[in-house]
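The same chain A turns up in both complexes below, where it pairs with chain B and then with chain C.
Our next item is the complex of A and B:
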């Protein structure tokens, strides 16, 4: 693991070093967010996991054959290993009937293990070391620079940016194909589109994004960068192009925040980035607009409040209908609170120790009672239920019937406007 | 391009999953535009036959021709509506995105849909009665609406032959009516519409021709002459143990008892 103290002793301009490390982590995370989103919507996250491990022997062989980490030969080796993984997994399923997840589990762990063995066999000084491959060395990356137009730019930033630009260009060019094949592969094939090619391209892209990330975060935590931002983005938006952009942004932000936090706490940058990604997902799950935690709690509270209001109004209406004014009195503190709120909003009027309806309150109450009695009438007609079983379902349904549906229910009734208990159904207010 | 052969011709088509045959020796010729139903019990291989005709599952024997040509040369003229449950309806696209997919085959690999395609997609949505939900996420639609979105996508392809796989499965009565009327309009406009279907009552009402299928074609022809009690008996009352046992033996590279 990186020693932050050691870094400080290196005596280099620390600000610049940190900026380069963060920039590198951000472009890498953006690449992973891009391909990760396409994997997640295809329900292929497991394939991302498999490929991120299985590329190791490809990299090891490429390095042993003289390739430089981050060089073209290494990317080629990784893509080949990724293809081999998928091909072997499908082969195992076809030949041995092994389920796809078990097959992938066998293939990628075996390949990964071969990679670990190969790395161990590598002679010293070949730029290949097991700890680096597993966990990455983000903080040291800025020291390995190449010269671009006279400026010393970290080699892995150049590689990461090149990969990101290439992936973005490829995805933009094939966007239409990506969406159709991911959504409906059979339909896309029937339309004559190159489904197999698009899928193979996505696997290759996954291998490339993974390899670009190895120096920085290692093989283990790159899975977090592939899957977590995409999963969070899926909660936040419902269109694929927005999902891709949100995932890329979440990845980049987590890279910077995670790096800074790791620096403050003197701990692993890669680990901290993955932790921040996890926190981003948790935050997305909490605030997701449709079925996020907060949205669900708010919806539940609003319904409970609406039910309490409508029940109070209907109770007062029934008390007035039967002439028993004392029935309008609240019985619990909660009911009393609701009644006072309804007084404030002009729906109820205080009447000595009890309450009566204002014109606005009467309109709303009549529609609730109308919903209730129409539902009892409809159930009585269309379901085989005894008379005393009609009230409970109507108590529940009355809060969910709208004006249009009430009209439909009424049209379905006999001539007489009465519920099965013989009580009058009030007209639409 | 003028048709040089029958609209659809299946000649001695046999389809297998792995080594196990599921549809045997199908001969079928459809030579004029009509509403054509493929009818049969569950697991009869109806959908498999449809997919085989479209080249989505490999044939182990026989050949398929459209307008007398192999599918590869006339692909854009053949539209396909897959079974609704084969796709993930939580997928992050909206209704318009899905309908536009119908134009992708014609646009080629890289050209993007433009104004013309959007206008066409909107017309197709209008024809299936969904013009007002174009911007909605597809998971928020009812089953019947989802099926109509798929139909609109096929319409956007402006094909001459349409294959629909169980378009009425899990679909409310109102949507069924709507879908059948759209299919009828396609026929009236000179298209051939082939539908995998399971409900005999609506089959008799809507289809001009039918093929009764249970692992093989039991009977095919005009609906009135084909949906006879004897043919239905032969389709629905089994008689496929022979084929099943044989398929088992073939798959195991062995011999039947």
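Our next item is the complex of A and C:
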């Protein structure tokens, strides 16, 4: 990509340039993470997508009217375009009966198309072209500086920091309102809170965050910065304030990592930031504490292992009960492995070619068999099942009955401590 | 006149016809999608196509349209598959999952397309034309290919129109009477992916959704009959495609995609305001007539 080569030729102190570019990307990613979390919890992600496209004509008109990228006029134009998008979408629904997604599909594609054509009309040197619209120019931003207290600071960093500070202040000031509106909009409306105002404010904030990010990552990739860190944070935590902070942190980290990776690989920084955001989401989906993929796999493996252990112990117990010692012998390699593991943990003792229970193993096995037979007895009394249909459900449920449940099942029985097959139910160990 | 006619070569005419066929087919397929209330189903597929284009080029080193579009179609299906997986295995909701696939897959596509020249693939120039569409580079052979894809898509829609209509309007009844609802849904989404890919050279990944959304939504204003709507939607897509191609030919370097979308939007605006019965003006007239007759009856007075 040409921009990296030109950077090198410019002969600027590269370290400082990279630091500024990363700092800029991090502050805008944090703004997007903040706004995006509110969009995601309110199920308005696609509104964010629509707005991030639709601000383009607003920006283009503002630039054609003499505004400079990152200046107040451009912010104003973008917010106006965002409001126009929402107004048109809602107008189409009210006046034309269009479904919201269809209406949004018409409005944002049309506005983006108009924006692209307007950008094509912009005179050269206005810092606005089709490539900038799609990729942004993060690598060039540090060269456009303004002087603050004698230091040359990139203009986009100043704009991004201002936007971030403003958004944080606005969200903190309206925090309770945000939480209420996000999780119970009907209740908030009934309580007389300005729900429409909060929603309009969120849309304006989306537009502002989009414009702040526009120079750096372009219009299309903003949607990744809005939604990906928020969606990842939503998997990692269930409290809104933590979600916001996690999303902002994930966005900032992805901005830095993505920038460095793009620099190493000589490719688009904006694209790479989106890719890193995707990887962060994938990692969150994998390691999320309650229902992440890893947590689910671990829970399943643990359950399968416990069932295998308990089944082995119960099999040996039944073999000892019937006096048929060869019944305790494992039949498959998996069963043999489970038996050897139980020997290591002191539940089974080797007995020639077969196995017998240790006292600890006997206690555990008796509870499993007890669960099994109590359940058979209960089913036999209450479920009106034929005798040969009692075993399969009991085989499944024996692993899930606790001591308390066994006690209740026993209390439900008549005095005879035997299952419907006439076998004795062992006492609680 | 003669000078203008001389400028219009055989190639231009064939390309315009190919793109027109794609516009027609996209309108036809899109109406099924819009009736099923899945207007934005194609957007995730559309943004994912760029990865496929870049990967197809990386894998084969070829830049011909067939190779790139096959890659784009595979990537579109992978993008839609990711959506299904996200829905199945995470608690991320549909809207966020769609936006996530759009943003991340497009980012990966941009990363690949921007990186190719620096990674030693000097002849990769032109791939970025799939972002906003550019018909100037198409050959007559490409156009015939697009027309063939469009014909297949229209034929499939004609074959499943009755079943798809039933599923769109009353999926519970369709399921209860034994129609394979999810199979028909997959077929419709697959067709949308196919049309998104076919629309890619002319309209580009960012805006190609408009090709399957705007024509059916515009056609809906004119009629209440599904068959009429499907055909009308196809015709609107065709007109928009031809108008966009023609407009982009007036100035070199002008991307086709935005112009096609603007043409479609103009037809939409006309439909929204002027269509009989459902149009805005007709509704306004109806409402004020109703009010006038009420006043003249003396039931409601000022």
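Here is the rule we use: the second predicted complex is superposed on the first by the 418 of 429 C-alpha atoms of A that agree within 3 Å, B and C clash if a C-alpha of one lies under 4 Å from a C-alpha of the other, contacts with A are read in each partner's own complex, and residues count from 1 in each chain.
Here is the rule we go by: contacts are C-beta pairs under 8 Å (C-beta built on N, C-alpha and C of every residue); 3 or more make two chains touch, one makes a residue touch a chain.
Small disclaimer: the values here were computed from a predicted structure and weren't measured.
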Which superposed partner A:43 touches (first chain B, second chain C, both, neither): both
Just to be sure I read the superposition right, which of the two partners does A:234 touch: chain B = first, chain C = second, or both, or neither? both
Is A:396 touching the first partner chain B, the second partner chain C, both, or neither of them? neither
Determine, under the contact definition given at the top, whether A:135 touches first (chain B), second (chain C), both, or neither. second
Quick one: classify A:87 as touching chain B (first), chain C (second), both or neither. neither
Chain B versus chain C as contact partner of A:277, first or second or both or neither: second
For A:305, select first, second, both or neither according to whether it touches chain B, chain C, the two together, or no partner. neither
Of chain B and chain C, which one touches more residues of chain A? C
Shared contact residues on chain A, chain B side and chain C side combined as an intersection? 43, 234
Which residues, counting only chain A, touch chain C once they are in their complex? 1, 4, 40, 43-46, 48-49, 53, 92, 95-99, 101-106, 109-110, 112-114, 116-117, 120, 130, 134-135, 220-228, 230-231, 234-235, 262, 265-268, 270-275, 277-278, 281, 285, 288, 291, 293
Residue positions on chain B within touch of chain A in the complex are 51, 54-56, 72, 75-76, 78, 80, 82, 86-88, 91-94, 97-98, 101-102, 104-105, 107, 109-110, 112-113, 137, 153, 157
Across the complex, what residues on chain A touch chain B? 41, 43, 173-177, 179-180, 182-184, 186-194, 234, 237-240, 242-243
Within their complex, chain C touches chain A through residues 34, 37-40, 43, 47, 86, 89-93, 95-100, 102-112, 114-115, 117-119, 131-132, 206-207, 209-210, 213-214, 217, 221, 254-255, 257-259, 261-262, 264-265, 268, 272, 278, 280, 283
